[in-house]
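Two complexes come next, and they have one chain in common, subunit A, joined by subunit B in the first and subunit C in the second.
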Partner chain A sequence: MIIKERLKTGIRKNLNQQYLKRLLGIIAMKPLLHAYGSTFSSISDKYLNIFSIESIRDAYCSDRTVGFGSLFIPYEFLYSLRITPFLPEVMAGFTAGLGLAEQTLAKASSNWYSQDLCTFHRSASGAVEMDLFPKPSFIFSTNLACDAAQKSFYIYARKYGIEENFHLIDVPYEKDEASVSYLAGQFREIAEKISSKMGTGLDYARFREVIQLSNRFRELAIEVNQVRRKLVDYPPYYNGLNFILPFHGLTGTENDVILYQQMLLELKNFLKEQENKGDAPARKKLLWLHLKPYYRNDIFDTLAEGNCSVVFEEINHVYWPEMDPSSPFESFARKMLSNPLAGSINHRLDAIRTMARDYSIDGAILFSHWGCRHSNGGARIIKDSLKEMGIPVLVLDGDCVDAGNSSGGQIKTRLQGFMEILNFRK
Partner chain B sequence: MLTCGIDVGSVSTEVVILESDPDKILSYIIAPTGASSKTAAGKALVRACEKAGIEKSLIKSIVATGYGRVNIPFADNNITEISCHARGAISCFPETRTVIDIGGQDSKVIKLENGSPVDFLMNDKCAAGTGRFLEVMARALEIDLENFADIFLNTKKTVEITSTCTVFAESEIVSLIGQGIEKNVIIKGLVYSIANRITSMVERVGLEEPVCMTGGVARNLGVVNALEEKLSAKINIPEEPQITGALGAAFLARNHA
Partner chain C sequence: MDTSIIREHKSRAIEDSIKEDTGSLKKHFIRSLSCSSKKPKVGWLCTYTPEELINAAGFIPVRIFGNKKLDRSVSYFPTNFCPYLKSAWESMLENSPELEGIIFTSSCDGMRRLYDTAEKYITHTPSFMLDVPRISERRQVDFFTLNIKKMRAFLEKLAARKISESQLRSSVLLINKKRFLLSRLGSLLYQQPGSPGRIDIIPYYMILQVAMTSDPEVFTEELEAYLKIFESTGTSGEPGAPCGTNKRPPVMIIGNFINENRLWNLLSDLDLHLAAEDLCVSNRYFEKEVPEDASADILKSISARYLTKPACMRMADLGSKLNEIREKAISQKVKGLIFISLKFCDNMLYSFPLVKKELTDLKIPVLYLEIEYNNFPEGQLKTRLQAFLEML
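Moving on, here comes the complex of A and B:
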């Protein structure tokens, strides 16, 4: 805890790219990283944190080619092209966790970014304006789910003077073979353009290797999710809402496989311990939809006090089919198209209903993040859809990044009121 | 058995002492919350005991509710306003399916099935659609809030108040006065604006009758009338709507005695 607090204080005092680069260079050295890792109570939690730091360090400190990517890009594509991914939206979450979002948001505001723009993008835009991020050579964005990413990532490209290296991946509304072919064509064209620019040529062996690692991660994630169907209680370090990076920016890496192998082992052991103890704890089981606030908050403590447990999170749903290493571009296309957030809201509803059934939930919480149209736009229909299954839904209005746009007291009252409703139903 | 409910709101604190077999309110107190919710609740409890003619030690269980519920050290438990207003409304009107509570700086709509809450909606962060909104407007118009009901019922014309923000609505009123629009007409518009906001919340949760309205604003017949008109539904009002949350808390305290 002391190490983490000191790191936070240091960054707050020296908010510039050179300091971040120096700091990451130091803390990502093996002995220090090992010391930092020892502060975590489980190996999987340690891996999660260390692998995240290493991936950020690689973008800041190495001489590798860096590519900015919006969340829904298949990162296997970047790794196959030997581009080191850097995810500004995920960094906005880290920024909130470090208590820096107030500054990045203020910077964005003074640069005419609209207050209506989602704070993941506003905070990231502020960080770009403050030159806090490593300079990218390429920028990848998509129209999948998120409207703001298309625009703000293009603004970053302009800011860095690399408009010609901005690639927008256009995901069609329909999920048919014509769409697969159209989308695969885009990946092929972008890959050829980039490899020619980098002078490397397309390395299909590398594509195969990355896709095989991604498939292995997928298998492990499915197995983890199957173990989780039997779990009501969780180890204290475990929060399924922390796995954004493993599900996005780390897919296609060996680290992702190592992390999920370890997580599977730990959860299996934890389940065995629970089964040996006898009765499973009588907690209300919740499904968490969308994301969580990344600044300090007491949402999960409040849920635990109310005897409720988040047994599954929408972000951990493995929705994509196994990828074919011999057809990388078609595989990336199928992965993007199978995302329940692509196309009609009915795809998301089907996925949510499946999760509700698989995890036998008592209730669901939709964290309605300010400005996130793809999520809060569907709040009503999601609520109605789960209500048909007899499952109450709390739509919790808040902000994942800007602590000033959420009231802790109001959120607590809503959570407690919702838990009281769940308990009245027993 | 004696139980007690304390509803610590932003504007006022209510205490109810309840007797069982048969259910009877022995006493209740409505007092301003002021700067310290803990002090206000403590003083109000002493007064409620005096009024009921009982020793505090005779109370088997105390439940606190309202925004200050967690700061009441002598409460045995704290339960949200959602459950307490629902329980309070049921004790007054057992068939209630929808509760509308408009408090000082908070408004909520609760849907009930078989006497238990199944869904709810609370107002946003701002004061629009709350008692505070009406208070600020009354001050801006220099008219006692108590007169709003009569003015609403006896005025035919109305004007649309477009601002949802309390601060902006105040400036809008100043501007309307500047345009020579009568204060009575503005008041009618203000009452409708609060009714429109609450109606939208009711519609989101889904209107089911019978409807019960709780909270201090339920004493304002102008707002009640406007809501009945907008919802096309009759609204039941408890004898003392402001204590409904505390009453519900006193009932729920029996589960913890």
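Moving on, here comes the complex of A and C:
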């Protein structure tokens, strides 16, 4: 805890790329990283942190080719092209966790980013303007799930003077075969362009290898989710909303496989202990929709106090089919197109309904992150559709990154009201 | 059929203003306004919707302007959601039974959710989602052609008949003609206030509203006649400062769905010299025609036109968009830019830092305005606009 706090204070005081680079260079040295790792309460938590730090370090400190990517890009694509990914939106979550968002957001505002925009992008834009991120050679963005990334990432490309290396992956609306071939064609074209620029040629063996690792991760994630169906309580260190980076940005790496293997082992043991104790705790089971605030907050403590437990999160749903290592581009296309956030809201609803059934949920919380039009714009439909299944939904207004744009008091009151309703039922 | 949307436009947005502001305009467009045509109507929202197909299927393409005050729609969407779309939803809740169908486009996150909302809550009106790519290269033109084919099938089902090749081709000619006439109208606007033959801002935007909500055949005839009279008289007779000593600095406006009569009134009162525009209620709607090559695949030509027309900020290649803006600003010798956005439009809001930088490099001052829809803070904006224009 002390180490973590010291790191945070150090970064806050020396907010510049050189310092971050140096710091990452030091803490990512094996012995130190492992010493830091010992401050975590489980091996999987340690892996999560170490692998995240290593992946960020790689982007900052090595002489690798760095590519910025928005969240729902299949990162297998970048690993296959030997591009080290860097995810500005995820980093924006870290700016909140490290207490830096106030500064990055202020910078974005002074550079004319409207306060009405999503703070994941605003904070990342501020960080880009402050030159806190490593310089990318390529930028990949997509219109999945929202309009924000394709715009903000283009601005980054201009800022770094690499517009010709900005690639928008345009995900079509329909999920049919015409869309698969349209999307696969884009991947192929981009891959050919990049590999010829890098002078490497397309290395299909590498694609195969990365896809196999990704498939292995996928199997493990499915197994983890199956164990989670029976879990009501969780180890104190576990919060499913912390897995955005491994679930997206690390797919196709060996580290991801190691992390999920470990997580599976721990959750299985935890389940066994829970079963040995006899009856599962009688808690109300919640499904969490969208993301959570990444700064310090007491949402999950409030839920625990009210006898409620988040048993699953929308972001951990494995939505894509197994990939075919022999046709990488079609596989990436299918992965993107099967994302429930692509196209019509009915896909998201279908996925939510499946999760609601799989995890026998009593209620759902949709965290309505300020500025996220695609998610909040569907809140009413989600609420009404789950109501049809007898499941109440709380639409909780707040901001995932900007603590100043969320009212802790109001959130608590609304959570308490919702929990009262849940606990009153049945 | 959506006669009440039309009625509403007529009663609130068009007719009143036409009466108030221009007096003579109404008589020139009486047939378009009175909706004398008996054709059924299909609603559309975004300038990426190929009107020529709707027309070829025998429907009047009626753009849903959503001139309604928000009431019921606030319970469907969050506060920070595109105010135009909320207003459009208000209109749909009331008037959709009068439309044969509605064509949505995948233009932005908000529009996707509006379509979902329509699908769930107004099931009696068939709707169609036209997927519009964000890139305008060959692969995208081909893909968009496929999507336009699906839209054609939707319209054919609505009309219970096939759209023939010749109907489609003559519809392309008609809509091209409308575009050509509207471009001529545009060139009458972009002159110094008070110049002979200049059309004022108010009637200009009124006519555009009529253009997007009436039978293209009728409207085109009326606009052609109007332009003939207008151009032959050589004087506008429209409000504006007298030509001569008091020259106004040429100004460009960039915006999204800006459809605000009080804004046009204000700009007209201020004698603004609007020298160039980039709006989705104006030039982005009519600039660039569909190539009329008889040997080419007509749907593909339509697809190419829509993907390469003056782009909306939703498109990926903001670099080309910025070049387009830069070139317009230079060629029209623009001295100031008004960037006006409806609130909560991500595509516009993200474009602003880039546009601002581009124009600052050209030493052109930029005024940034963010507005609601149908809820125009007149006093406040007047002060800001005045101060800006005085500075130029």
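Rule of thumb we're sticking to: the second predicted complex is superposed on the first by the 426 of 426 C-alpha atoms of A that agree within 3 Å, B and C clash if a C-alpha of one lies under 4 Å from a C-alpha of the other, contacts with A are read in each partner's own complex, and residues count from 1 in each chain.
Here is the rule we use: contacts are C-beta pairs under 8 Å (C-beta built on N, C-alpha and C of every residue); 3 or more make two chains touch, one makes a residue touch a chain.
Please read all numbers here as calculations on a predicted model, not as lab measurements.
Look at A:Asn269: by the touch rule set out above, it reaches neither subunit B nor subunit C.
When the two complexes are overlaid on their common chain A, residue A:Pro392 makes contact with subunit B while staying clear of subunit C. In the superposition on chain A, A:Ser196 makes contact with neither subunit B nor subunit C.
Using the contact criterion defined above for the overlaid structures, shared-chain residue A:Ile155 touches subunit C, although it does not reach subunit B. After superposition on the shared chain, subunit A has more residues touched by C, the comparison being subunit B against subunit C. Shared-chain residue A:Glu163: touches subunit C; no touch with subunit B.
Once chain A of one complex is fitted onto chain A of the other, the partner contacts of A:Ser41 are absent, as it touches neither subunit B nor subunit C. Shared-chain residue A:Gly417: touches subunit B; no touch with subunit C.
In the superposition on chain A, A:Thr354 makes contact with neither subunit B nor subunit C. Applying the stated touch rule to the two superposed structures, the overlap between the subunit B and subunit C interfaces on subunit A comprises residues 380. Across the interface of their complex, subunit A is touched by residues 75-78, 80-82, 106, 108-110, 112-117, 119-120, 129, 131, 133-135, 139-140, 143, 146, 313-314, 316, 318-319, 343-344, 346-347, 349-354, 356, 368, 370 of subunit C.
Taken together, the subunit A residues at the contact with subunit B in this complex read 380, 392, 397, 407, 409-410, 413-414, 416-417, 420-421, 424-425. Within the complex, the subunit B residues that touch subunit A are 67, 79-83, 116-120, 122, 124-125, 204.
Per the touch definition, subunit A reaches subunit C in the complex via residues 111-114, 116-118, 121, 143, 146-148, 150-152, 154-155, 158, 163, 168, 170, 172-174, 178, 182, 185-186, 189, 343-346, 368, 370-371, 373-374, 376-381, 384-385.
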